[in-house]
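Presented below are the structures under discussion, each in the form of structure tokens.
One chain, chain A, appears in both complexes that follow, with chain B as partner in the first and chain C in the second.
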Partner chain A sequence: MTTTMDGVLSARGVCKSYGALEVLKDLDLDILPGKIYGLIGRNGAGKTTLLGVLTAQNTLDSGSVTLDGEPVWENQRALDKLCFSRELQASLFTGQNTLKVRHYLRSAAAFWPGWDQAYADRLLREFRLDPKKKICQLSKGQMSMVTILLALASRAPITILDEPAAGLDVVMRERFYQLLLEDYAETGRTFLVSTHIIEEAASVFEDVIILDEGKILESCPTEELIAQFHYISGHEDEVDRVCRGLQVLSTHQMGRHKTCAVRGEMVKLRDAEAADVDIAPMNLQKVFVALCGHGDEQP
Partner chain B sequence: MTRCLRYYAWAYLGPMAGYALLFGAAAAVFSQLLAVEFFDSYYQALPIAIMVLLFVMSTTLSTYNLELPLSMGARRRDLYAAVLVTFLATALVCLAVTVLTALVPEWLGWGVVAFPEFTGMDSAPRTGVPMYRPAASWPMAGLFYLLSQAAGACLGRVMTSHKVLGVILMVLFWILASGLVAVVLIVSGMDLQFGPLVPIFYGVFAALTLVCALLLRRWVLQATVR
Partner chain C sequence: MRGSLSDQSLIYLQIASMLEDDILRGVYREEEQVPSTNELARAYNINPATAAKGINLLVADGVLYKRRGIGMFVAPGAGEKVMEKRRAAFYESYIRPLVRESRSLGLGGQALLDLVSRAVKEGENDL
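Our next item is the complex of A and B:
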């Protein structure tokens, strides 16, 4: 992947440890302009650390992060194009987070050059957020709304959201995806969204990045990834026969009936289609579980 | 750096201005009651109150008032420079307030106020004659205000990574600072000449401030957002 294209955020050989714990391991990643990326990974996979490193909010031990070929670290030109809206915390350091919503809005207006105050005001009304309220007085969902508001109104060319849907009810989650898509259609800016609510967001993500144990397991178009994964089920012997040559990710057996989660191009599945087995597609969540379950998904 | 300065102007200096108004009002009330010894003591303690406030406020500046701008794309070196400028400006304003607080009652004939703990170290003993405050001793209050802020900011940074250690260091700092103030108060009540001590105090305060500023620089330039 070339890094000379405008608006490409690239990480090369990024390593990050906290003491003896290696969180990011020699990680390479390219975030291309004008796409909505989904970042998924299990708890502790290193998602927030990666997002922090990409936006120079976190240090790295080795490697580099560049935007348009220029280092992001301490580079105001690059930092002005990035917005990483983090999950807000009800407590900070020694006590509660007594900063008010308006403190965040005012800070955002001071620091993000593209800040859209009119849009922020509109979202504030829509989300029914009281700017005079302290962060510690907000519910988890309201904190997520502030995060979303900051990210969308920042108008930053590369906007990153960490768990924006956490705590939101289903109506608000739907509204969030709608706002995201509206904004994307209007501005064409790049979004990188980390989430655990995978299936709900799958249709929104143009590309998906799967992070597992500090490494990028997959980074490709969502549809392309999903198309590679299938469940093959049927009689044990028949399933075993058609699975030869395919990458079997997991198996589940009940008596002589066997189900395998497999990875393989459609061309490799043609034999299976002709055999006496059932072939079912996987959704993104199932793909994720198959890739990152590490056996934990087994009862 | 402009953005960072603008941010600190309202996020840090704004609340400070509010407290300053409160102190101003308190000073105005106490200054009218200087004849009463109880209020005289309170009035004399105002610089210490300012110092405590600066210390506490500066911990917020190096914690969430540092991480929030950082999470919104501020550069660390700009933040550090803005922090220093803010500390300096605050110390100068507080010094001006201290000087005015001491001089205004005298000018208006309400009485004589001394702040021996900061400014009267080489002044004449308190024997009823008007206090002599050499101009050279005034900036010491400013320097002490600067040190309070730098120390507060440093300990704030320590608390972000080692909460217990930060609390222990803060308590130690306050024990030492209180001890120092107590010693100065006791010594200033004696018939001693403190002229030679002033440069030493200047040197110690300046060195401590410099150490804190360097430590803060190191921590701010490697600060991360949680």
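Our next item is the complex of A and C:
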């Protein structure tokens, strides 16, 4: 049973609603130790709720979340091993978020037993963050840097980042993934990272989890998933012939020219190679659009 | 090594093929160490597991071998092995598409052979 394996974070039958809005629908997920997972999903798919539920920051209506087979809810042993670095907010219910960066980090240091202060100091310098500044005075990018710093320096065996790349410029985003890979090479701990900027992160994710309308659509090695998807294009008659028996996810027609996004093993595609059609691979972003576009995408 | 990866084929295959290219070019000679999975991961911002998959492919083909506790090394005769492998794939990946394209252009078999001989001659003159 995977649920009793060491270091596995498991969700079973998780349901979560906000009022009448069902956000997570009978969801199962296993996060295995020592991997970098990417979590992708459209706006409102339930990503942040899922991450909150996995780390006992949100309640759930039914189902269970366990680490090493023990429920995570109000379980200090489990919570010591989990870090969900949430997006910072410039304003809170009470008004502006006037907490200073160094106080925010001091509470993090008190919370995680593995907190690495030297690492935190190094990242503060690298990100040129002023610890005396109030959170409400930071730019969006600087807020992202604080959440990244907290996640990395927590040294928690399972570290979760929600949209860490949002608000960062392209140089900082590349640097972030470098830092993530450096830390991973050193510690081999588990990372779970959600992002909307899919393509530049795809090569960093060993496994990808696609969340769609509150359900896990896919959870598998990134390259295995990508390898199943292709575009087939050419004369409509030829394309239709080749696509017979393949799962067609979307089609686009221009006169007699037709392009189909298909899912199928390469074996079946052997026929396509012999026909007069073009076969092109997809990247993760295209796979995501094909699976989760629900017809909203511009053809 | 090439500067960056494309999304035209799987990343581990690209890593394997880049290492092969560099072995053919003499960037890595026999019995020399190749970059580690972590070095490759850092250089290309890819997951170390993906880099390892590329390297393991070359180990399975006998192009690289592992020295325990040290790293991955270019096997003796690796260059010849890479060439053999690529010769075996040459028909499927170059010749058949070439014939297919020539047919769709209405070039007959003889016309294609003439073009090939011309290219071969021109290649000889370039040397």
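The working rule: the second predicted complex is superposed on the first by the 297 of 299 C-alpha atoms of A that agree within 3 Å, B and C clash if a C-alpha of one lies under 4 Å from a C-alpha of the other, contacts with A are read in each partner's own complex, and residues count from 1 in each chain.
Heads up, the rule we're going with is that a contact is a pair of C-beta atoms (placed from the backbone, for glycine too) under 8 Å apart; a residue touches a chain by one contact, two chains touch by 3 or more.
Everything numeric in this text was worked out from a predicted model, so none of it was measured.
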Combined model on chain A where chain B meets chain C, clash or fit: fit
First (chain B), second (chain C), both or neither touched by A:205: second
Touching partner for A:83 - first (chain B), second (chain C), both, neither: first
Cα-centre angle that chain B and chain C span when viewed from chain A, reported as a multiple of 10 degrees: 150
Chain B versus chain C as contact partner of A:251, first or second or both or neither: neither
Which superposed partner A:66 touches (first chain B, second chain C, both, neither): neither
Partner chain(s) touched by A:17 [first = chain B, second = chain C, both, neither]: neither
Which superposed partner A:276 touches (first chain B, second chain C, both, neither): second
Chain B versus chain C as contact partner of A:259, first or second or both or neither: neither
More chain A residues in contact - chain B or chain C: B
Nearest-approach distance, in Å, of chain C Cα atoms to those of chain B in the combined model: 27
List of chain A residues in touch with chain C within their complex: 35-36, 174, 177-178, 181-182, 184-185, 199, 203-206, 222-223, 226-227, 276, 281, 283
Complex contacts: residues of chain B adjacent to chain A: 3, 6-7, 10-11, 63-64, 68-78, 156, 159-160, 163, 222, 224-226
Sites on chain A touched by chain B in the complex: 52, 55, 57-59, 74-76, 79-80, 82-84, 86, 89, 92-94, 97, 99, 103-104, 106-108, 110-112
Chain A-facing residues of chain C, complex: 5, 7-12, 38, 41-42, 44-50, 53, 100, 104
